[in-house]
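Look at the two complexes coming up: subunit A is in both, with subunit B in one and subunit C in the other.
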Partner chain A sequence: MSILSVSFLLFILGLCLVYFLVPKRFQWWVLLAFSLGFYALGGLLSLPWLLLTALSAWATARYIQDRADAEKAFLAAHKAELSKEERSARKAKGKKTRRRALTLCILLNVGVLCVFKYVHFLLAQANALAGLFGGEVRDSVRWIVPLGVSFYTFQTLGYLCDVYWGKAKAERNPLKLLLFTSFFPQITQGPISAWNDLSAQLFAPHSLDYDSFSLGAQRLIWGFFKKMVAANILSGYVSDVFANYGSYSGLATFLGALCYAAQIYADFSGYMDIMCGLCQILGIRLTENFERPYFSKSVAEYWRRWHMSLGVWFKNYVYYPIAVSKWNQRLGKWAKKRLGKAFGNYLPATLALVVTWLATGLWHGASWGYIAWGGVNGLFIIFSMWMEGPYAKWKKALRIRESAWLWRAFQVGRTFLLVTFIKVLPEVGSLRDGLGLWKRIFTEHSLPHSLSELLPFVGDRRPLLAVLFSVGLMFLVSLLQRKGSVRALLRRRVPYLLRICVFVFLFFLILYFGVPASGGLGDFIYAQY
Partner chain B sequence: MDELLEILNDINPDVDYETEDRLIDGKVYDSFSIITLISNISETFNIELGPEHLIPENFNSAAAMWKMIQSILDEE
Partner chain C sequence: MHSIKKILKTAGLFLLLTALLSTGLAALYFRGECFLYQDAREREALSGSVTTLGCGSSNMYFGFRPDVMDAALGGRSYNLSGLLVSMGGRLELLRLELARNPVRTVLLEVSAETLVRDRAEEGPEGDLQLLGRLEGKERLSFFLHNFPLSEYPAVYYDVVSKGIDNALRLLEGSYQTRNEFLRDGYYPNAQKDVYISTWVLDNYHTATLSTAIRPENVEALKQIAALCREQGAELILINTPKTEFYDARYDNLDYFRAWYTGFAAAEHIDYYDFNLYRQKHKLLDDQQHFGDETHLSDSGAAIFTGFLAEILSARAEGRNLEPLFYLDYEARDWGVGYLY
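After this line comes the complex of A and B, so read on.
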């Protein structure tokens, strides 16, 4: 079911009605029924894979929890009888058993994810390799990738690891874990929530509350506005530039890249606003995914503010476990002795970052473009980390004050341009196309003589005005968000009737510009990941 | 505790570790500082720190870190 359809509006209307009419103890059942219904409407064939993930994680987490509890009870009961060595041996044995169960479940689920996501890519590489020897590997695989498999697999594996590490308690009811896995507002594009954050919200009773309804509905409209007016109109421009950059000027191609930066932000954050708004109406607080990312002062900071839930996931379940693993710590210790303290400190983090960023690239898509994209992001972050000391010295020598607004503006502008260039790399087509687009920007210097030469990808100019207005509005909102929620600010400063007018105006812009732009362009960029 | 304070001051000498209790939540320490901290604590106190110990409550203050170290040493 498309999020930008009347059916979806009827779906959420039905959900809200049933959700607030049933006794509160049944509210989570309603969420489960609607989530499974939403998922089944997207394709019944995907449902068994979702069930496999939820049930395997439920059973494994129960097993891990029961074993850990039994071990704790045994050790407590036999405290006086067991020596320190015996206690340690028992703990080590128990941990090994639990780790084995965890590994099996991770392999099963990551295996399913990899088979669905990477089989075509791997077959293409095998075919290229076979071609060198005159052979051929045919890709006859024709299956449908389960909806949201990248998101729900990560979310569920996060739960499993948390239970293994004792950070979360295993859920005893399999249907509750199924709701956590399949919760429809987040299944197609995240956020990837932690069990401890989301479960408390999902299973708590919620009443219909005017403030939540009003603020949630405002955010919902804002999200539709960002997606349907800004992202969908820009999508037409961006597709044109990516397809024809070879015949456009460097400046027009650069403007196309900027359009892509605005489009992907409006698209992804628009989706988040729609879903966070809907959840707010239901009384559920979803994990936020954005914190004004284009105002970041470094690539590392940008990744702490863009798709935050994915960044936190990779940090908690990939980066930290690799960085603090025994072998990596030993390597760091060895490097400290032989290559100096600083090198030894940086090495474990660097290795963990390399793996994390290549994995992040692969998570986004099975192509060399995404692997390069992850690599370039990782390279900037690792380079900045190693250069932190020299940078501090240079800034001191040049008398640069960190708090000076000009310096901060420079950092924000530089980071925005860097992430924009990195973003377009995998999106143009192949990696060769991405690099070709970069080359075009830097090597084609002809100056435009008219607006149509400057913006060759713009046909009708009226939607362009809507884009300029919506991007300007998003910029203004981001500026205001520095001091807190804009909806709260509107409530404090703007009279009720005027506030209504603002959202009615946005609604009409959606109808006038957004609806025509959304025919055939309704898909969200992050839904493909 | 002195050994721990030495490690912490080595990572960031500008923090008052007697009073600071939001080292992680307040983003005083980034992920790289945390890795360096874990390496140095493991080495100095000869203990094993894993992902299970990586929760903000264990690293938000010097006192919390000290408590965690003591509890691991007691367990071992």
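After this line comes the complex of A and C, so read on.
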């Protein structure tokens, strides 16, 4: 079911009605029924894979929890009888068993994810390799990738790891875990929530509350505005520039890249606003995914503010385990002795970052473009980490004040340009195309003869107006968000009736500008992941 | 309970404001005749004077020039056609105009596509335009009878967005309540560089039209015939000229010719397929007289309406018209190596 459809509006209206009409203890059942319904409407064939993930995670987590509990109980009961060595041996044995179960479940789920997501990529590489020897590997795989497989697999793996590490208690009810896995507002594009955060929200009783309703509805409308007006209009221009960058001037191509930065933000954060708004109406607080990312002062900071839940997931379940692993720490110590203190200090983190960023690239898409994209992001972050010391010295020598607004503006502008350039790399087509677009920007210096040559949609007044207005409004809102929630600000400063008028106005803007731009009811960019 | 009251009040106010604004915008759309298919006020002004009506879809909309017809035959003609108008829509328009005009002749355009037109597949565009052409209770009745519930959002969007267009025109000072695009319902189509630059014979019978005739179209056609009889107007079925390229490309045009011939015989009316008019390819040139593969340009429309008037005149004199037309598409003389 498309999020940008009347059917979806009726779906959420039906959900809200049923959710608040049933007794509170049945509310999570309603969420489960609607989530499975939503998922089934997207394709029944995907459902078995979702069930497999949820059930395997439930069974494994239960097994891990039961073994851990039994071990704890045994050790407590036989505290006096067992020597320290015997207790350690027992603990190590138990941990090994639990780790084996965890590994098996991870392999199963990551295996499903890889098979669905990477089989075409792997076959293409095999074919290229076979081509060197005159052979051929045919790609005759024709299966449909289960909806949201990247998101729900990661979310469920996070739960499993938390249970294994003792950070979360394994859920006894498999249906509750199924709801955690399939909760429809986040299944297609995240956020990737932690069990402890989301379960507390999902299974708690919620009453219909005016503040939640009002703020949630406002955010929902704002999300539709961002997606339908800004993102969908820009997508036509961006797709055209990316597909034919060879025929555009360097300036127009650069502008296309900037428009893409605005488009992807409006698209992805618009979706989040729609879903967070809907959840807020239901009384559920969804993990936030954005915190004004384009106002970041470094690439590392940007990644702490863009798709935050994915960043947190990789940090908790990939980066830290690698960074603090025994072999990595040993490597660090070895490097300290042989290659110097600074090198040894940074080496474990660097290795962890390399793996994390290559994995992040692969998670986003099965192509060399995405792997390169992850690699370039990682390189910038690693480079900044290694250069922290020299930077500090330079800043001191140049008497740069960190708090000076000009310096901050420079940092924000520089980071925005950097992430924009990195962003476009996998989006143009192949890696060669991505690099070709970079080359075009820097080597093609002809000036467009007219404004319409620079901005193809400038000839039509309607989309140009819409783009200028929507991007301007998003920028203004981001600026205002520095001091807190804009909706809270509206509530404090704008009279009740005028506030309603503002959202009626937004509704008509969506209708007038957004509906034609969403002719094909434009798909969300992040739904492909 | 307090929360529920506040929610209901806020949601109610939001809906009320939206409804009020939507109503205003709808009024701006319907009252203005700013869209090229809107002609309600013009038709109303002509009420009581029209003697000949041309009615059909885009083929007739771009093909039938009332000024040429009136110059040749006298009387007062009007082109009642519209883009993507279904047979049901034509019936609705004819019902309205026949009731208020002394119409003697109705030239109903029928093509192969007319019979197979599927509203569910094609979408509501034609009916949405018709909604903008009707007024008052006719509009309401047409809306209630022709739009299923699932299309209400599309109707709402269409009406409101066009209302916003008109509101912007109002601000710019270009809002108008009289259609300035149409000439007695006829829209002059620009001549374009038609992409047909190939041998007709190379494309001869390389495509087939669907023959899935929809019963609702047939039923509406029967009702039009009955309506004309009842109102004392003579109904003539005509197929407007398409490019030679089009005629040659499809291999089953005779299927539709035979169907219409049979229908006309059963209803005791005449049917003329102007693609079988022997002089057609001498009078109309694919490159010069068409806007695209099937639609005449302004100059093409003048030529077509001219020989249509000649045929009507000869018919009124009781002359035998059969020699002027090929019997069927199979019998057509395509010429050898007809190069554009």
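A few remarks follow.
Basically, the second predicted complex is superposed on the first by the 524 of 529 C-alpha atoms of A that agree within 3 Å, B and C clash if a C-alpha of one lies under 4 Å from a C-alpha of the other, contacts with A are read in each partner's own complex, and residues count from 1 in each chain.
Rule of thumb we're sticking to: contacts are C-beta pairs under 8 Å (C-beta built on N, C-alpha and C of every residue); 3 or more make two chains touch, one makes a residue touch a chain.
The structure presented is a predicted model; accordingly, all values stated were derived computationally and were not measured.
In the superposition on chain A, A:S446 contacts neither subunit B nor subunit C. Applying the stated contact rule after C-alpha superposition, one finds that A:M385 touches subunit B and leaves subunit C untouched. Touch criterion met: A:F508 reaches subunit C, while subunit B stays clear of it. Once chain A of one complex is fitted onto chain A of the other, the partner contacts of A:N173 are absent, as it touches neither subunit B nor subunit C.
Counting residues of subunit A touched by each partner, subunit B versus subunit C, the larger count belongs to B.
Shared-chain residue A:Y210: touches subunit C; no touch with subunit B. Contact with neither subunit B nor subunit C is seen for A:S247 once the two complexes are overlaid on the shared chain. Once chain A of one complex is fitted onto chain A of the other, the partner contacts of A:T103 are absent, as it touches neither subunit B nor subunit C.
The intersection of subunit A residues touching subunit B with those touching subunit C, taken from the two complexes, is empty. Listed in rising order, the residues of subunit B touching subunit A in the complex are 31-32, 34-36, 38-39, 42-43, 48-52, 54-55, 76. Listed in rising order, the residues of subunit A touching subunit B in the complex are 84, 88, 161, 164-167, 315-316, 319-321, 323-324, 326, 329, 332-333, 344-345, 348-349, 352, 385.
For subunit A in complex with subunit C, the touching residues are 6, 207-210, 213-214, 497, 500-501, 503-504, 507-508, 511-512, 515-516. Taken together, the subunit C residues at the contact with subunit A in this complex read 2-4, 6-7, 10, 13-14, 17-18, 21, 153, 157, 160-161, 164.
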